[in-house]
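Which chain is which? They are A, B, C and D, in the order written, and residues in each are numbered from 1.
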Amino acid sequence: MKIKSEFDIQFHIPKQTPIVAVLHVHPSVESRLLSADTLTVEHIVAVEERLEPIPLQVSQYIDSFGNRCSRFVAPEGAVRLSGSNVMEASETPDPQGEGLAQIPIEDLPDEALQFLLASRYCQVDEFGAIAAELFGSTKPGWERAAIIRDWVHDKVAFNYKAARSTKTAMDVFTERVGVCRDFQHLAITLTRALNIPARYVTGYLGDIRVPYAGPGDFSAWYQVWLAGQWWNMDARHHTPRLGRIPMAFGRDAADVAITTSFGLAELTHFHVESNEVDCDGRPVPLPTSTDPSAASPITLQ
Amino acid sequence: MKIKSEFDIQFHIPKQTPIVAVLHVHPSVESRLLSADTLTVEHIVAVEERLEPIPLQVSQYIDSFGNRCSRFVAPEGAVRLSGSNVMEASETPDPQGEGLAQIPIEDLPDEALQFLLASRYCQVDEFGAIAAELFGSTKPGWERAAIIRDWVHDKVAFNYKAARSTKTAMDVFTERVGVCRDFQHLAITLTRALNIPARYVTGYLGDIRVPYAGPGDFSAWYQVWLAGQWWNMDARHHTPRLGRIPMAFGRDAADVAITTSFGLAELTHFHVESNEVDCDGRPVPLPTSTDPSAASPITLQ
Amino acid sequence: MKIKSEFDIQFHIPKQTPIVAVLHVHPSVESRLLSADTLTVEHIVAVEERLEPIPLQVSQYIDSFGNRCSRFVAPEGAVRLSGSNVMEASETPDPQGEGLAQIPIEDLPDEALQFLLASRYCQVDEFGAIAAELFGSTKPGWERAAIIRDWVHDKVAFNYKAARSTKTAMDVFTERVGVCRDFQHLAITLTRALNIPARYVTGYLGDIRVPYAGPGDFSAWYQVWLAGQWWNMDARHHTPRLGRIPMAFGRDAADVAITTSFGLAELTHFHVESNEVDCDGRPVPLPTSTDPSAASPITLQ
Amino acid sequence: MKIKSEFDIQFHIPKQTPIVAVLHVHPSVESRLLSADTLTVEHIVAVEERLEPIPLQVSQYIDSFGNRCSRFVAPEGAVRLSGSNVMEASETPDPQGEGLAQIPIEDLPDEALQFLLASRYCQVDEFGAIAAELFGSTKPGWERAAIIRDWVHDKVAFNYKAARSTKTAMDVFTERVGVCRDFQHLAITLTRALNIPARYVTGYLGDIRVPYAGPGDFSAWYQVWLAGQWWNMDARHHTPRLGRIPMAFGRDAADVAITTSFGLAELTHFHVESNEVDCDGRPVPLPTSTDPSAASPITLQ
């Protein structure tokens, strides 16, 4: 299956500011690219009567998590970040690891250890007793991880209005409402507290072979380490999905913000979509939902 | 000047548990080693009437901050970690960067950017307005960083009893009491909030050419990025010191715990010291303090 | 001047639940009532083709702050709380106490002491050092209280979307955004921390002789104790106003919620207004704003 | 049974400061007094070669919870608060209300309603989901309250070093360690979250007919409202006890501090005891423990 993803994000910048963006697919999936994975950053300026895009210089680097980051200085005025890519994707929804045993800490690879630690939004150090009480009697390994994921899915309500940038896993645990990243932060924290490495993922998750669920957004999910590999988990969309395309991995959302602006940047336009396309690059029509209730669980982010 | 550092740390382990230790000097200063930088991990077992140390297998790895980490499985019973090293050290106290300009974010090296972000104990995202109000009118660069360091030093009281593992920079800001790491967390957070990269350091800081200040400990300080390099800062011991030997760098204490045990480990013995030694390896006598007040600011950690 | 206030609040109650409401004017201002201060609680039920209001039994009590509270059991279905009152009100905007000295704690009346203490949303115990640093060099008494009020007004942005029920003064101090009650909580906390008693008020604050500022709401402000009496302060609408009618006093919003429901109660309709009326009970026309910027500071809540 | 309680508390006052003390027994138990319930406040001054106590003027008032409070201005220097009383006490340990039904909120007396609300250290508003998950399937009423009490007793470890003045019920829930007041704060919060009124109590709880458990202290416990009365509960000493003498009731410790000083007051001496006495006023010998483990659960506070 081919998936085409594209985005168009625009800011009003009141005063020149540096910005770091994570808007490329993750290097670990670049081999599946069928097109260039473009990122264009432009300053939109009025030239006589017209608006002209002037390309801005962008430099790239790989951060300590292996993410491809882009840096540029946004000048005062209108700034536009846009890009697209086409990827080969699996026809199989998220693989499930039923029955997989938990890996003893001593057998974890070195690089997985950091995903057991506390981080900005995942206060693992405050959840030790809570996680043990809630999930200590479940079967270690995949079952435990899946039960945590489903518990968070069931206990937390989605509400865009309940988003705030400083919201932590503990806030989600007490308030029980949040957005995509909040679901994952709580699930990650509980999972780590029971010694299963868990890392945060941002990426594309479009409506692929599921009914249309409204305007797109970037999505967040997480991964757990079992049986020698990372497995996708998602406490918001907890049924197996097609078409997850990772852009960045980190300990939590603090590590992998789509854009980090070091000054004011007012969002003026936001468009993201990720669709299955046919050989000619045209979107494959989505199924229509016959069950009205089916639409809700698949709303993006 | 030669500095010899050594430690002997013992735990009672009620039940076999994996442990990660950061007990080597940082690879970036290994070129100054005059001896092996040893780490021995032993299980102390009673054999007939005597206690026998049985070496445990330890594996090493370098984490994403470049720290040399050691992993082992601690068996039930008594476990001892000991080691020592001798290093060549500068005769000059911490260099001071008076007058250095702040580096615009766009000119920071890629690898310094992560030290502007929020982390577990350093909620940069909650301190934006506070830092701007307190320090926004100071001169950017070295002066600003030094004023933050001195402010924290003056406003926070040292008290071993006020330590707790979950204490954040915000807790320190409101409670105004803490231990070494708490001073640094608050200073780091305020510094980052004003766009100067700051990273946490653990290491040795012995009584070197200063009066004896009581039993030793590992210490914590931090570094700020200015003029193309990292500069030592210390909100606890805020006067320039000799003999800082870094063991690990990180975003905050969550990244660089001396030991991280994934099960119970009861500390039963703790000895750390770091002394100037002469050509024969004998400790150089310390000056005696003629000013009784001089002793207090140099107490370790 | 006469002020007529009225409200009509409706809930959908999924399952019978007890409710406590604070919807009468405070007993201390009852002597200014020119009409009955009514509160009607009704169950709206469909009788044949029509909706019929069936009055519910309501009992009253005075709580420990002297507030007139109403209790009733809301049955499943639609429940409506409505009422109105007409009061004689002063023609003079909020009196100002310029130059008033702070009252030494030992001279405060017994009943004012509790308004120095920490409460649910006002963590006075966490703000001691912060308040002293920010305002310790201001002139004690009225000036200090007014400077705190204005500081909060200037530093916090109003945003309905930033409301949440668990938001504390510390959250407001770090997030710098909130609704009416959040402004007052931060100001109250800072004021108490400097030993000026401060209490939270809920009540009516209509557009009285100021340009229309949009649909009405209940409002929150606070009072400080100086020179033997309580003085109105308002960190949200910080210019003197006409027509404040107190409904309840408390330590913070936890004490004086307009309605406290002990089960689910979904708000379906909300209308509050408070207007100057003439001798015939007709609303007095409001001035129109000639200065467009004048409208913004007087928006309700 | 007769119980004699006495205390001698001394402070060094660096600079004149007002103090509020709650050091009398609660008015509701005054009818059981067999002696005067004295409180003497003295300034200890050196007169020639001797220390002389100079009585300070103390005024009393009853606060909104019905507690007898004492106010005075402590001058610079040494200040001593001492007092004693003898009370008639029941021969029966804390009555138990097994099987008592929970009171529907609509049937609670008006004055009990405030003990359902959130307060400084008891964030009921953050524990709704947590309390429901942990205890929602227990039998409402006495059983539920007792299960909460025992759960807190079992899950929280006592440690004097873990005390801090700003510690909340949520901190206790995550840290699982604390002192007497911390146990009660968590239990009170969980109890209120399930709609059983709970109030905080400070008072005497001596070693009465139990083995000596070390130097005395004031104690804290709580009460729940069932079957028309308040019942003693204690999450720290959770077995029925003799000799609880209440001094003050409140929503949490913020309301009923033994002493609230509005300036620095350094504790220099602290002695409290509460003993059964015979007809001649002599202490009744305590039983000696035959079971060494018996001593530990009855340590004061």
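Criterion: contacts are C-beta pairs under 8 Å (C-beta built on N, C-alpha and C of every residue); 3 or more make two chains touch, one makes a residue touch a chain.
Just so it is clear, the model here is predicted, and its values are computed rather than measured.
Repeated interface: C-D and one of A-D, A-B or A-C share more than half of their contact pairs by residue number, and that pair is A-B. Note: the chain lying farthest from subunit C is B, by mean C-alpha position. Of the two chain pairs shown, B-C and B-D, the one joined by more C-beta contacts is B-C. It takes 180 degrees of rotation, in steps of 5, to superpose the Cα atoms of subunit A onto those of subunit B. Rounded to whole angstrom, the centroid-to-centroid distance between subunit A and subunit B, based on C-alpha atoms, equals 34 Å. Distance between chain centres (mean CA atoms), subunit B to subunit C: 50 Å. The distance from the centre of subunit B to the centre of subunit D, each centre being the mean of the chain's C-alpha atoms, comes to 42 Å. Annotation for subunit D: residues 126, 166, 174-175 touch two or more other chains. Taken in their complex, subunit C has these residues touching subunit B: 126-127, 129-130, 133-134, 155, 170, 173-176. If you check the complex, the residues on subunit A that touch subunit C are 161-162, 164, 166, 174-175. Interface residues of subunit A facing subunit B in the complex, by the touch rule stated above, are 18, 20, 61, 63-65, 69, 71, 73, 104-106, 110-111, 113-114, 116-120, 123, 125-126, 165-166, 195, 254-255, 260, 262.
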